[in-house]
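Look at the two complexes coming up: chain A is in both, with chain B in one and chain C in the other.
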Partner chain A sequence: MTAEPTLAEICVVACAEAWRGDGAVLASPAGLIPALAARLAQRTFEPGLLVTDGEAGLLAPAGDGSVTEGWLPYRQVFTSVASGRRHMMMGAAQLDRYGNQNISCIGAWARPKAQLLGVRGAPGNTVNHPVSYWVPRHSRRVFVPRVDLVSGVGYDRAAAAGARYHGLRIVVSNLAVLDFGTPDHAMRLRSVHPGVAVDDVVAATGFELAVPAQVPVTRLPTAQELALLRTVLDPDGLRDRELG
Partner chain B sequence: MAEIVSLAEAIERTVNDGDTVAMEGFTHLIPHAAGHEVIRQRRRRLILVRMTPDIIYDQMIGAGCASKLVFSWGGNPGVGSLHRFRDAVENSWPAPLELEEHSHAGMANRYVAGASGLPFAVLRGYRGTGLASRGAGIADISCPFTGEKLTAVSALRPDVAVIHAQQADLAGNVQLWGITGVQKEAVLAAQRSVVTVEEIVDTLEPRPGGIVLPGWAISYVAEAKGGAHPSYALGYSVRDNDFYLAWDQISRDRATFSRWLDEHVLGATPSGARQVSSARPGAVR
Partner chain C sequence: MTAEVLTPDQVAASLDSGMTIGIGGWGSRRKPMALVRAILRSPLTDLTLVSYGGPDVGLLVAAAKVRKVICGFVSLDSIPLEPHFRQARQAGSIELTELDEGMFHWGLLAAAHRLPFLPMRAGLGSDVLAINPELRTVRSPYRDAEEFVAVPALRLDAALIHMNRADARGNGQYLGPDPYFDDLFCLAAAGRRFMSCERIVPTDQLLAEGPPQSLLINRSMTDAVVQAPHGAHFTSCAPDYDRDEAFQAQYASAAADPESWAQFRGRYLDVDEAGYQRAVAQFGRDLAAASR
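Right, the complex of A and B next:
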């Protein structure tokens, strides 16, 4: 008998879905839940993914663990990303309606209220290849009408930026899955996680969210996915702590 | 030609108040011992440059060495924020810290331009972001062949580059291997350079994926065994993950940080940094 899936497990599988259909691209996850998701997708429905380990290796499944199947040091990443054949899942301190992302600072840039980590690869990633986002705490502090500093480029700015491979795929939060599948690429509610009401998501979002008449429930992990997560990819259950 | 000296001498001869200093390393081979020596020599108003500043720059900023940081990501890897960095930016403690923010690719390309003797690098990126309008060293540029709008980023030409490597030979040639960042570009872009090494060996043996920096491209080599700690040197040491976790607590509070700095840096001597010339009578000076 299998225990019910936890919220973290539902989120891992929802994040894994970001890479469905990508084939042989570089899958670059930032953070634990996206990392488990990329490795889960690679072990199940997207075996062609080249999964980065966040340092310099490419991970491939090997029995109950992983082996390094390739070597891609930092500087070589930059020569690969411009081809569009990479799909990264990043975090976001702020996201707006068109997917502009901020990870640099909260408040005025010259004297911020909170200095965050810095734009890191976002300016290049978002114009050079697909990007998805993982937001562990869905709130009006994250989903804002206007971000304080555009680090990652959203749909309303992409054309003017001359972005050849811009594409924001999905945003997964602890409440829902969102995408940009509207005529003007404004953020849309794609599914709500089990037990979450549409109104909860709307209330926790600081801008007008496109809400279809029928909003499905995020799919549950399969028995195989659960088994992989629990016994192979994350036997210590670190995933649940990230959403604690 | 690289001169083999003690770490204290290397820093004294290269790093001046107000200099632009790039101490590079990515996850691995981060030059902590050299950073501590800069703190001990009480250098001030440095413009610190690094793609991914982590706890060594947090320590230098908290110690009052820096007036500006040029970077693309600043954090305690796998742990969270850099508290001394944030305190400097948000509250000007112990001194105001000006920021020059770039993307990773922007920083890497700026080093390459500097190392190549070119005034700027060109990349696709920045357009559409908030950096494009306010960042120093960022400008729009049109491709002279197609007219495509791109971004130019100015070359980085640090006064000093400081890196840590596994080995140097007696002639001051250096080899590093394992996970590498932009150490080579940083050294070649800089006016002066210091390489600390785990060990000085008679001859370097080629390593798969190894990067060799010839002695003629380096100013000073200094032995600093364990000089990457709490980062690591592949083949010599392992990463001290507990220290990265502990740093979160040490650095949160100004008083706790200051006590730590007094005890572990200001009151310490360079660890393992014996003067090679006295230890090895035949060593090249």
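Right, the complex of A and C next:
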């Protein structure tokens, strides 16, 4: 008898869905749940994905372990970015309704209240290849009307800049899955996780969210997905710790 | 050109205050830390650092050696935020040029190629252009007429890198998984290109541990070599050693308050390189004893 899926497991599978249909592209995750998601997608419905070992190796599944199938040092990661053969799932300290993302700092950049990661690769990623986001704590502090510093580029900024290869896919949070499937690419509620009400998501979002008349429930992990997660990919259950 | 063999303190004495210094490695990986520690002991000041930053930037900032940092990030990898860099930013005590990581690569490549800039898409639409008002865009002269960011060359006065092996003539070898951008740092520097290494070996032994393509650095790219065993500590220098996570955690927690930082400094930094390595060895023994 399989135990019920946990919220972390539902989130891993929702994140994995970001890469469905991508084929042979580099799946780059930031954070544990996106990393498990990329490896789960590679082992199930999206076997073409390329996944790194966190250093310069590309790993292919082999039984319950993996083998190195390629080499991708940072200089080639940047070439992969520019070539467009990559889909990254990044984190976000702040995210607005068009998908502008901030990971750099909180407050004025000249002397921030809180120095965060810096822009890292977000500006280049978002104008070169598909990007999705993972937000472990859905709140009005993250989903804001206006981000303090645009690191990752949203749809409105991309259109104004003529960024021809820009494209955001989905945002997965601990409450819901969101996308940008509206006429003006404003953020839309795609599904709510089991037990979460649409109003909970709306209340935890600091801007007007597009909410369709019917909002489905995020799909549950299959028995195969749960078995892979629990016995092969994350036997120590680290996934539950990323959700505060 | 044939390189000189120097000590870390001789390297520091070869640099000048006010210089723009590029530092190889990435985050907390294969950083020329013995050379950085020598700068900490020197009277150098007012430096501009160009780095995929890690504890190299943090230590030099904490020692008030730095006027300006040019970077894609400053991180300890397993600890996402470099504590000294964060404090300096929040105190407003350093200047910063914050670039996208790929823009930083492009700036080094432009300098290495003696070009004033290279075009790229990274930066378009983002606030990188707002926080770096000196950045310009450039339009393709071809039929597409697309607009790009013109990433300016990151020209360096000096470069510091750390390799696994080198010979005394200035050829260098990496044996780990990633070359990072150490060749570009050397090529982007006008001179004073210093390469430390774990071990200096005879030239005819350079292929004993790795294939020809591991010889990232040739002697046209370096001016001096330093033998600095454990010279990247506490950053990783695979396969010779991994990052010293326990030591790095101690470094990061010591940075949290002035008193514990003064203790850290007294024990590890106000000593010469041999004294540092002895204190690190003692730290390792204490840790092993505590876990028994």
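One rule holds for everything that comes next: the second predicted complex is superposed on the first by the 243 of 244 C-alpha atoms of A that agree within 3 Å, B and C clash if a C-alpha of one lies under 4 Å from a C-alpha of the other, contacts with A are read in each partner's own complex, and residues count from 1 in each chain.
Basically, a contact is a pair of C-beta atoms (placed from the backbone, for glycine too) under 8 Å apart; a residue touches a chain by one contact, two chains touch by 3 or more.
Remember, it's a predicted structure, so these values are computed and weren't measured experimentally.
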Sharing chain A, do chain B and chain C clash or fit in the superposition?
clash
Mind working out whether A:136 is in touch with chain B, chain C, both or neither, as first, second, both or neither?
neither
Could you say whether A:61 touches chain B, chain C, both of them, or neither, answering first, second, both or neither?
neither
Is A:75 touching anything from chain B or chain C once the two structures are fitted on A? First, second, both or neither.
both
Answer with first, second, both or neither: which of chain B and chain C does A:164 touch in the superposed model?
both
Touching partner for A:84 - first (chain B), second (chain C), both, neither:
neither
If you lay the two complexes on top of each other, which residues of chain A touch chain B in one and chain C in the other?
55-56, 71, 73-75, 78, 81-82, 104, 109, 111-124, 126-128, 149-153, 157-158, 160-164
Considering only the defined contacts, which chain B positions touch chain A in the complex?
26-28, 71-75, 81, 85-86, 89-90, 99, 101-106, 108-109, 123-131, 134, 148-150, 179-182, 185, 209
Chain B partner contacts - residues on chain A that touch it in the complex
55-56, 71, 73-75, 78, 81-82, 102, 104, 109, 111-124, 126-128, 149-153, 157-158, 160-164
Interfacial residue positions of chain A with respect to chain C in the complex
55-57, 71, 73-75, 78, 81-82, 104-105, 109-124, 126-128, 149-153, 157-158, 160-166
Under the touch definition given earlier, write down the residues of chain C that touch chain A in their complex.
26, 71-75, 80-81, 85-86, 89-92, 98-103, 105, 120-128, 131, 146-147, 177-181
